[in-house]
Every structure is written in C-alpha cells, then in structure tokens.
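Please find the structures below.
Look for subunit A in each of the two complexes below; its partner is subunit B in the first and subunit C in the second.
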Partner chain A sequence: MIHNQTMINQRPAPTNTIGPLAWLRANLFSGPINTLFTLIGLYVLYLLVVPTIQWAFINADWTGTTREDCSREGACWVFVKARFSQFMYGLYPRDEVWRANIVFAGFFALIAWLAIPRMPFKRWVAVLALVGFPVAAYVLLHGGYFDLPRVPTHRWGGLMLTLLLASVGMIGALPIGIVLALGRRSNMPIVKSFCVIFIEFWRGVPLITVLFMASVMLPLFLPSGISVDRLVRALIGLTLFQSAYMAEVIRGGLQAIPKGQEEAAAALGMTYWKRMGLIVMPQALKMMIPGIVNTFISLFKDTTLVMIIGLFDLLGIVQAALSDSNWLGFSIEGYVFAAFVFWIFCFSMSRYSQYLERKLNTGHKH
Partner chain B sequence: MKTVRWLSISACALVPVFALADTPTLEKVQSRDSVRCGVNAAQPGFSSLDDNDQYQGLDTDICRAVAAAALGDASKVDFVPLDSVERFTALQSGEVDLLSRTTTWSSSRDTTLGLQFTGVTYYDGQAFMVASDLGVQSAEELDGAAVCTQSGTTSELNLSDYFRINDMSYDAVVFDSPEQSIAGFEAGRCDVLSSDASQLYAQRMQLADPNMAVVLPEIISKEPLGPAVRQGDDPWFNIVKWSLFAMLNAEEYGVTSENVDEMVSSENPDIARLLGQDGNYGEGMGLEADWAYNIISQVGNYAEVYERNVGADSNFKIARGLNALWKDGGIQYAPPIR
Partner chain C sequence: MSVRPNTRPAGQKPPFWRDRAKRALIFQLLLTAAVAAFLLYIVGNVQDNLSARGITTGFGFLSNTAGFGIVQSLIDYSSRDTYGRTFLVGLLNTLLVGGFGVLAATTIGFIVGIARLSPNWLLARLATAYIETFRNIPLLLQIFFWYFAVLRALPSARDSLSFGEVLFLNVRGLYLPEPLFESGFGLIPVTFLVAIVASVILVIWNRRRHEATGKRLPAIWISLALIFGLPLLVLLATGVPVTWDVPELRGFNFRGGFTIIPEFLALWLALSIYTAAFIAEIVRSGIQAISHGQTEAAQALSLPRNLVLRLVVIPQALRVIIPPLTSQYLNLIKNSSLATAIGYPDLVSVFAGTTLNQTGQAIEVIAMTMAVYLTISLLVSMFMNWFNARVALVER
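Up next is the complex of A and B:
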C-alpha cells in the first residue's frame, strides 16, 4: 500500500521531445545549416507546387465538350473527358464496350481475389485466372462466337490494350523464364547451349528492333496473302523478349540458394523436378520477388513501344488524339493523364511486391 | 487458334515467295468487302482520329473515295495506322491495298520500292512561319534570323540550300519533334519556324494565340503527296488513279455531293459521262457505271474534301495555292473522262 502512495504517477514525455513540433525540430531544424536547407527546400517546393496546383486544379477547365470550353489559362481536362472512352478502349466499337467492361471487371476481380489473403479457393481461382479467363476474354473481346459481332484486333486499343499486352507478357514470360533459367544451369550440353543462345540473343537486341522485325521484316518473309495479326506478332515478340530477362532474374535467385540444399534433397532420393519444385524454387522465388516485379514494371512501361508498329496502346492513343485538328495544343494534358495512369499501375505493383516480401519474410533479411 | 495460324505460317514460309501468283487486288478487296488503307495515325488535317473514333482528313478521304468506287460504299475502309518506316513494307507485303499516308512522291521511291504513285492529292512544300509582330512579308527578308527546325529531316537541308542560294545567313535552332519546335518558337528561341507548309499550319494551331504567327508565301521545296499502290497490278492502279481524277473533274464541272443527284440529269456531256449517264467508263476498271457518282455523293469532290479537312472550313484555313484547279491558277489537273 505504501508502495502505491510513494510511486510517482506516470507523466507524459516532455513536450519538446514528442509530437510533430519535436519531429520538425529533430529532423528539419536541428542546426543553422539544416535550417537554411529546410527553408531553401520549402521555397523551391513552393515555387513548384503552387503553379502546378493552379494549373491542374484552380485554373483548369473541367466542364464542356469542345475546344471552345477551354480558357487555356490552366489545364483543359475537357480534352481528356471528351476522349476518355477512346483512351480506355481505343477504337473498340462504342456499342460493344460492355464486353470490354466485363473483361476489365473480371480481370480486376481475379487479381483482387488472388491478392487478398483471406479469400478462399485460391488454387481454383488461380487455375481460372490462368486458363479459363484468357479464353473467355478472347471470346468476349474478339467476338465471332455466340452471336457476338467480330471486333478485329486493330480496333483494340487504349488502356485495354496496354493491360492485355502487359498481362500476356507477364503470364507468358514467367514460365518460359523459369524453364530457360533451369536449362541454363543444366548439365546437358544441347539444352544448356540452346538456352544460353536464346537468352543472349534476345537480351542482345533492343525491344524496338524485335518489334520492328515482327512488323516490318516478318511480312516480307511470308508469302503474300498470308498475314499474321499484328497484335499476335507484337505479343509473341514481347513475350520472348521478356522471358530472356526473366530467365536471368530467376537464375540470379537460383544462384543464391546454397548448393547443399539441392545435394541434401538428392541424398533423400528426390528426382530433379522434385528437387527443383519442392526445395530450390520455393526458396529462390521468394528472394526473386523484387527482381521479378522490377521486370514486370519495366515490361508494363515497355508496352508503349508497340506504338511504333501502329498499335494504339494508352500512350499511342493519347498521341493520336493530340493530332486531332480540334484538339491541337493540349499535349501536356494528354501526357499528364497517361503518366498518371501508368503511375497508378506501376505504384500498385510496387506496393504489392513490398507487402509480399513482408508476408513471405524468410529470414534472409538482416 | 493462334497455334494453328503459326503452324500454317511456318509451313507456308517454306514455299518460295515468288512462286505464288498474286490475286488481283480488286478481287481481294471485293471478296473481303473492304479496302485496307494504310494511313498516318497522327497527321492533323490529313489523317487523325476525332472524338467519335473516326478517321478524318484529306488522306483518309482518298481511302474512302477508293472504297466508294470499288465497293460502292465509302464506309467500307479498314484503316491501318502505319509508322513511316513500315509503310512501304506494309504495302509490299499486301497488308494494305493502298497507302495514303502523306508520302512524298520522289524518283527513288517510285522506281526502287516496288510501288507506284497514282497521283498528287496535295502539293506540299517547305515554308516559313514568323511571328506576326515582326512585320516580315517575305522569306527574302530573313537574313540573320534564328530558324527553328527539326533534326534529321530534309527540311534542314532545304533550309541551308535556300539561305545559301539567296546569300543570306541564319542560325539553326534544332529540335527533335514538332511539339518541341513549336514550343521553342512560342518561347521566343527563334524568329522563324520552318517545316512543310501542311505541318506549319497544324503547329500554328498549337500556339496559345494562333494569330500571333503568319506563314510566309514562299515555298522552298517540292513535296508532292499522293497515294501509292503495289507495282504490277495495273487495274487496281487505275482505280486509285481515277478516283482522284473523278474528284478533280467533279470540281471542275461544279458537281458536288449536294447537287450530284440533280446533276445526274444534266445535259452537259462531260457531267453525263462522269456520272455514268452516257456510256460506261467504269467498265475498263472492272467497276459499275456509277463509280464516280458514288465517290462524289458519298465523299465529295476535291474542293469539298480539301476545304473540309485543311481549307476554309477547317481549323487550318490553308489557301488552295498550288492545289487549286488549273483553271484557278493552281496545278491540279485531271485528264478528261471519255
């Protein structure tokens, strides 16, 4: 009892060591030089941020449908608004856009299902996402079955095409990359040299060359009258190109697994595929997450190169819209919009990979 | 489906290309029921996408005219946007039936690329744009000026030739793209912007106030733009060539998309022949007698197409100049239909 009375009540920490003020003092104003730099930094920020906000929000024009609705004192978002469905679906017929919307909804629903840990039946959903969904998406988008009018691929475009290119590239490049990486570490000379040649060839040429070969040279080698869809050509080129990069990322991860792991598995009598599938790959893939996501993000941005072979991805359709004589001179708005959309996707991918790394933390971090 | 396609391609790739006889283009177009037309994806006034996903422009209207002549319906065109590098390959490989993509007709292109130009739809040429408050009236007053231009184009060469011939000096300010050069011009980095006239008018529209700049009358290079077809298919070549001639003749005789239905009963023998009322001049091309009627009623005559896309009715307001009919002081001239 005495104990209780003499005990000094808990007091809050001194006000100058907690709270935002203390944080400011410790981090921004801890000495004369730091204070000076903070003030200069704030001033530069002020110079940059205020005109940007004025341009993008305060002076911007949001309502209307034509060029005349823009005062040109700030950003003219009317342009983006008027072109929004074009930016999303390209030249996809307006009456058929619901098909693209269903595919979009399915795409994001499946991704959310797989990304949120609490959701059940992950395995079945993954099979659906990798097998059922692509077929359904093709049937819906392309049409020609079940009384759906056919929409040729040259009318596909905008964000829809960007997502299509990126997801096909990612889904295709990962397994091919794993096979190539394993092949490159193999002891079989033919398999090994094939993988080395394949990887070095595709890594040795720029993507733009691959796309040009696919769109300019390939048709010349084919007999006249036979033409492969340009989108298919671009998809194959993009996937093969990315799989070479993916292979090297995966090989890097495999390299980091101590040889003892595989030897121990061999000593237990496991076959090659069991050793790889149960022992090496699960450990390696966790470590490769930053590298794989890095490759995915760069692939997502590389898809803009298909513009040069006449496919309207998001950036391509924005550029095409900029040359409409009714909308000349709004290039900044168009590019800012494209940059914003790309940022949303790339940033989400990056955040998700960081979350995965934390979740799968396997004790390699120090 | 994709696999099957690839397999068939690999199989066909083994067959020597030259051994296959070409199907005539008109037959292909008719069986497909559409004309595949290679266009520029982004050339203001010549081919660009409007808010409703439709291509608009002088070049794309030429595609529509060919579709109207060959299929009787101007809307039966599949536009294929092409990059400047792949445009000729796309034509050679048969991916497109017709290339209408602001392509300059030059001897090397005409003779070495396996293609044929069918005519000139727009006489373009390099010109100068200056700020209106400079008060310059002619390019000959430009001695000592700073000139913005784009790198790696023929405009750079033409520019140095022009100033050397006229014994004037200039400072070149070189940019990579049309957007950058107009931004440099607007920011006052140079007094003069030089490029093809058609592009200058489009760049002028990108200024905050388009009236602050004027395009000078001098044209210092020849850039005749026209459609091209594959060499070796003369019937198709004739169709594309005469589609343009029909539009020019229609302008000459005063036949427009609006009055064409009255003109059908015209007594003028030239008009009667043009509209298929007197003889069948489509027969020689494998077309119906009303081929030119279809072009004019669905696309319009040359003047209508010009004014709507680049001329007085457009944002660019480019004067007809060389592109006026021969009767009006220009050099657009079409052989007669008879």
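Up next is the complex of A and C:
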C-alpha cells in the first residue's frame, strides 16, 4: 500500500552532477593527474592552433597573381591559386580541359550514386562504373576519336592522374584479386601454391621496387620493338601490387561466410562457379566493402610514388611547381594544399568505410 | 561419388571429365604448362633484348669498383669500393632507419593509442586528431614536408639552432657530442653483459620460487637496478674514462662530434609519425577488445591494479595487437624505401638507383633488392608467428 501523502516530491539531480560544470569536472578535472593532462593539452593546443590560424588565415594573402602580391607574413595562397589548374590537370592543354572536367563530373556522380544507399539501380550503375565509364573516360581524355585532338599521356597530371591511377589500379585489381583469393582457398595444391607465391611476393616487396621493375624491367620482358607507354607501365605495376592486397581482403571476406552455405549449394548440385558466383560471392562481397575501401585508401595514398618514376601526379606536380624560379620558397603552402586535398579524400573514404562497417554489422548479428 | 540415378551399366567408370580428381589434375597440369610457357616466353624475350643491348647477365658486376660516394655509411666505405659493398651499405642504412623507426613508432603509437582511451576528454580528442591527420596524408608527402619544408629551411651552420651549446641543428643536420672512450672503458660493456645475465638468472629463479613457494621478489626492479646501476658504479669507480667530443663551429661548418644527416632525420620522423598513427589504432582496438568483465573478475579476486593490467589485460590485449602490429612493422620497413625520393642512401636509393643506373644490370639489381625485402618480410613474420604461438590462447 502506498501512501501518497508520505511520498517525497521528486527533486532535481544535485547541481554538482549536471550541467557543463559537472561535465568539466568529470571529463577534464577529475583528479590531480587528469587536471595536469588537461592543462598540458590546452597548452599544446594553444601552441599549435594559434600560430596555424594566424599563418593560414589571418596573415595569409589570398588575392593577386604574382609573388609580389605576397606579404610573406603568412601563407601565400596566391601561389596555389596561380597554379591551381596545373595541380588539377597537370600539363593537359588548356583548351581541352573541358574533357577532363566531364570525366571528373562523371566520376564523382558515379561514386556518389554508388555510395548513397537510397539510390536505385545499384547493379547497373556498378556495371557502368566498372566497364562503361573507364572506356568513355579513356576516349575523352586521350582523344584521337570523334575529332577530339589527341592528348598524349605524358601531359596528363595533377589530381586527375592521381584519381586515374587509383581507380584503374582498383578496377584492374578486383577481378585478379577474386581469382587469386579463390585460388588460395582451392583444394588443388598446385593452384594454391601458385596463388600463395604470387600474393606473398607482391605483398613482401615495397611498391617502389615494383614501380622500378615496371619501368625498367617491363621493356625487357616484351619482344623487342614493342614499347609500352610510361603511364601504362605504372598502371601494370600498381594493378599487380594492388591485386595481391585485394586478394587478401577477399579471402578474409570469403572466410567469414559459414561453410554450410557452400555445402548447401553443393547439395543442390550447383557447380563450383555457380556456388561461388551465386551463393558465396554475393554474401562475401557485401562484407568485404569496408576492407576494399581501406585498401583503396592506401592505394590512393601510394599513387604518390609514381612521381619517382617520372609521372606528375598531384604531389609530383606540386613538387615540380616548387622548383619554379618565380615561386621559390613556398614549399609549405604547396605541401599543405596537397596534404589538404589528400586528407579530404582519404578522411571521407575512411569515414564512409566506418559507416558501412556499422551498417553491415547490425545486419549480420545473429 | 555419383549422386544421380545410375544410368550406366554396373562396373563402368564415369568418363574422366566427370571425375573431380582427374579434372583437378588436368586443370593443374594445364595451369603449370601455361605458367611455364609464359615464363619461358619472358626469359626468351629478356635474352633477346639483353643481347641486342649488349648487356651481359651475371653477378660479376658486384666486384667492380663503384666510383661514387655515399653520404652515410655504417661500415667503412669509399668510392674505390665495389658495388657489392654499396649493396651492404644500403642494406645497413635501410635496417638502421627501419630499426629506429620501429622503436619510435611503437613508443608514439602506444602513447597515442592509450591516450585515445583516456577518460580525459581533451587528451582523447587530441589523440584522435593526431591519428586522423597523419594516417590520411600520403607518407611521401610527409617525408617531403619534413625534408624540404622543415629541415632544408633551417639556418646555415653559422646561425645554427643551439640546444645548451652541445646540440646544434642546421641545414646540414643534427650535430651531437660524441663519446670518446678511453682505455679503461672496456670494463663497462663487460659489466653490462654480466648484469644482464645475472638478471635473466634472477628472473628465472624468482619464477620457479614463486611457483613452488608463492613467495616472490620484485625481480623486475632488482634487474633494472642491476643492469643500469652496476655499470654506473663501475663507471664511477674507474673514474669516468669517457670524454665528450662536442661539435664546434670552425669556419663554415662544425667539426667534431657526431652528425645525423637531415635525410635520415626527415625519413625517420615521417616514418615514425605516420606508422604511429596506425599503431595507435591497433593498440586502441586491442585494449577495447578485452571485455570489461575480465578486469572486474580480476578485481573481484582482489588483484591490485598493476597486477590486473600486467596479468590479465595486457597479455590478452597483446594477443589481439601483435598480428596487425607485425604487418605495420613490415610496412614501415618497406616504406623506408621511399628514402630514394629525398636521397637518403638506403638500399633502393644506393643499389636500385645509383648502382642500377651505372651498371645497367636491371634484372640482377632489382631481383637482389626484392629478395632483401622478401627475406626481411619472411624473417619478421616467422619471428612474429613464433611469438604469436607463444602468447596464443591455449584452449583446454
């Protein structure tokens, strides 16, 4: 029996456990050591953030076209502005830049379509992105067809080249990676050992030696008289290197599928390729997407290495611009700009992969 | 084998293309033949191309005189030495920057990873900012930043940054005082070794005694005191037979002391900072993978806090941490090959760069370089597999 009269009225929580002050006490000043850490942290933050903001924004020069427009007290973003189209397209002819712009627009539109969960016709768009778009992009960028003037690959550069290297490396590595992963899980000893040797070889050597190999040794491997474009050589190296990492991601995804799935398919009389293509792969691919995005991020960062074999990707073109005698002494601005562009891409991709991981996780908890 | 209703007369075997084992055999034979044909084709092309260019194959070039200098070498090297020696110099430089990089990256990575789990909100946010900044920027860009924008922009030797008049930092590198050992110094490494052996014996004896009687000594502290205290005592007793060669500005440059070249500094900084961001994430996920119930159970057994960490949390977390940590170490060593972009004389730069250009022996040089990295990868993963097997969960 409850006596309403004797009920004590509800009271608000004690003031020292709610509100911003309590939050501060709990999270920043909960003891002498914690307080010390907070003070050190604040000091470090002060040392880092204040000069950075002053340099990058308050004292920075934004307008003008030559180095005389820079006061040299803060960052000289005029340099980046003056070089912006080079940083984006490399030495691509100015009159033809619209072609690169169309490819950029198509690229980002396809990526956005595939990345946003609500969009329909995912499968067809994926086929378009993996097969149709690369062909169209090649025709547009390289020219030589439909009255488009030819633009040789050594004039391609900047962010365009970075994206191109990463995407082609990725699209090329996906089928090779699938075959290698299936081969590594195969029961056939010779197939398995070939795949293991192939994968472990590429994973054991640094990308830079692979690129050296592609640029120095590939011409030796081909019959004399056949010369391969430098960009194509780099792409071959990147694709083979990436396919080994891709194979390991795919193998991880395949291992996550319970064996019962394949056994059930075999019990229904499906052949190997039907079991893999209709039962195992569709389930595994979905779980692999975060891993694939992660390897794509590292491939994207690794494309910067092509500047060592003489291609002008974003970092290569920034580095080349820094040695321009009209613009000496702006290396920090150049690097900060390049770092910012890379960071935006990599950070958004890693956030997307984390989001996917969370999303896929809930679907697979039994 | 056959699941279908048997339509064949009894005793007749199915055709060979329906037999899985035979099919697999044929497929594998075909694959082997294809791979062999491909390799033969390449070897044939290589031979044609090499003879067309007048390059002789073989490793004879390794004993030719190199004729170029190397800015940093751990062993005696001059331009009169052979290409074989440049290989060795490059390999040692790779191992040097790899070893120091692993040490620094592990230290920073563990500190940042633990800081990310700190109850202190600000500290956790700072650690997150560190991780998200540095792991999303290409390593080569970071190396360039440290080298061209920071170390190459330092003042010249005359206006060096000085730290307590013994350390000097300028565009040519970091100048440190170098210890010069006098005659009586040989005793100190000997004492050091003796102390290490004694500590190992002490730890083993202590563990046996602990298991037998339940009594234990603070063996870790005693061994630390032995390892560092004993040599120090000997050092003082022999009258400190060490003099410091402090670098001095003479003319346009520093003389004396010990120099760390800016290429090494840039590469080491960039490698450590970049890899530490990945290690921090590994450490965080390793610690978070240990369920809180483990800590609570240990506390319920009234283990003191340091033993909860040492005996319960850390051994389990290490099990999760070590495999990905290994691959980060391997990545670091492989990434040290980016040295070639700033001219640090590592294996790729000295051997696959200068030596290859001078001799033209592309195949031998690249094969040797790749073999080195493959060997390092295999050795590290073998060691880590052994270690992993030691700490792995023993299920009963």
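The working rule: the second predicted complex is superposed on the first by the 299 of 366 C-alpha atoms of A that agree within 3 Å, B and C clash if a C-alpha of one lies under 4 Å from a C-alpha of the other, contacts with A are read in each partner's own complex, and residues count from 1 in each chain.
Just so we're on the same page, a contact is a pair of C-beta atoms (placed from the backbone, for glycine too) under 8 Å apart; a residue touches a chain by one contact, two chains touch by 3 or more.
This structure is a prediction, so every number in the text was calculated from the model and none was measured.
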item: Fit-or-clash call for subunit B and subunit C when the two complexes are aligned on subunit A; value: clash
item: First (subunit B), second (subunit C), both or neither touched by A:321; value: first
item: A:269 touches, of subunit B and subunit C: first, second, both or neither?; value: second
item: Which superposed partner A:57 touches (first subunit B, second subunit C, both, neither); value: neither
item: First, second, both or neither for A:44, with subunit B first and subunit C second; value: second
item: Touching partner for A:220 - first (subunit B), second (subunit C), both, neither; value: both
item: Winner by number of subunit A residues touched, once subunit B and subunit C are compared; value: C
item: Which superposed partner A:191 touches (first subunit B, second subunit C, both, neither); value: second
item: First, second, both or neither for A:331, with subunit B first and subunit C second; value: both
item: Touching partner for A:339 - first (subunit B), second (subunit C), both, neither; value: second
item: Touching partner for A:308 - first (subunit B), second (subunit C), both, neither; value: both
item: Residue range of subunit B overlapping subunit C upon superposition on chain A, of 168-176, 222-230 or 258-266; value: 168-176
item: On subunit A, positions contacted by subunit B and by subunit C; value: 212, 216-217, 219-224, 308, 319, 322, 331
item: Residue numbers on subunit A that touch subunit B, as the complex places them; value: 72, 82-83, 86, 91, 93-94, 152, 154, 212, 215-217, 219-229, 232, 308-310, 312, 316-317, 319-326, 328-329, 331
item: Touch list for subunit B against partner subunit A, complex; value: 2, 5-6, 8-9, 12-13, 15, 17, 20, 22-23, 28, 41-45, 48-51, 53, 56, 78, 80-83, 85-86, 89-90, 92-95, 179, 202, 205-208, 314-316
item: List of subunit A residues in touch with subunit C within their complex; value: 27-28, 30, 34, 37-38, 41-42, 44-45, 187-191, 194, 201, 203-209, 212-213, 216-217, 219-224, 269, 297, 301-302, 304-305, 307-308, 315, 319, 322, 331-332, 335, 338-339, 342-343, 346-347, 350
item: Subunit A-facing residues of subunit C, complex; value: 3, 24, 27-28, 31-32, 35, 42, 45-46, 48-50, 52, 118-123, 126, 132-133, 135-142, 144-145, 148-149, 153, 334-335, 337-338, 340-341, 348, 352, 356, 362-363, 366, 369-370, 373-374, 377-378
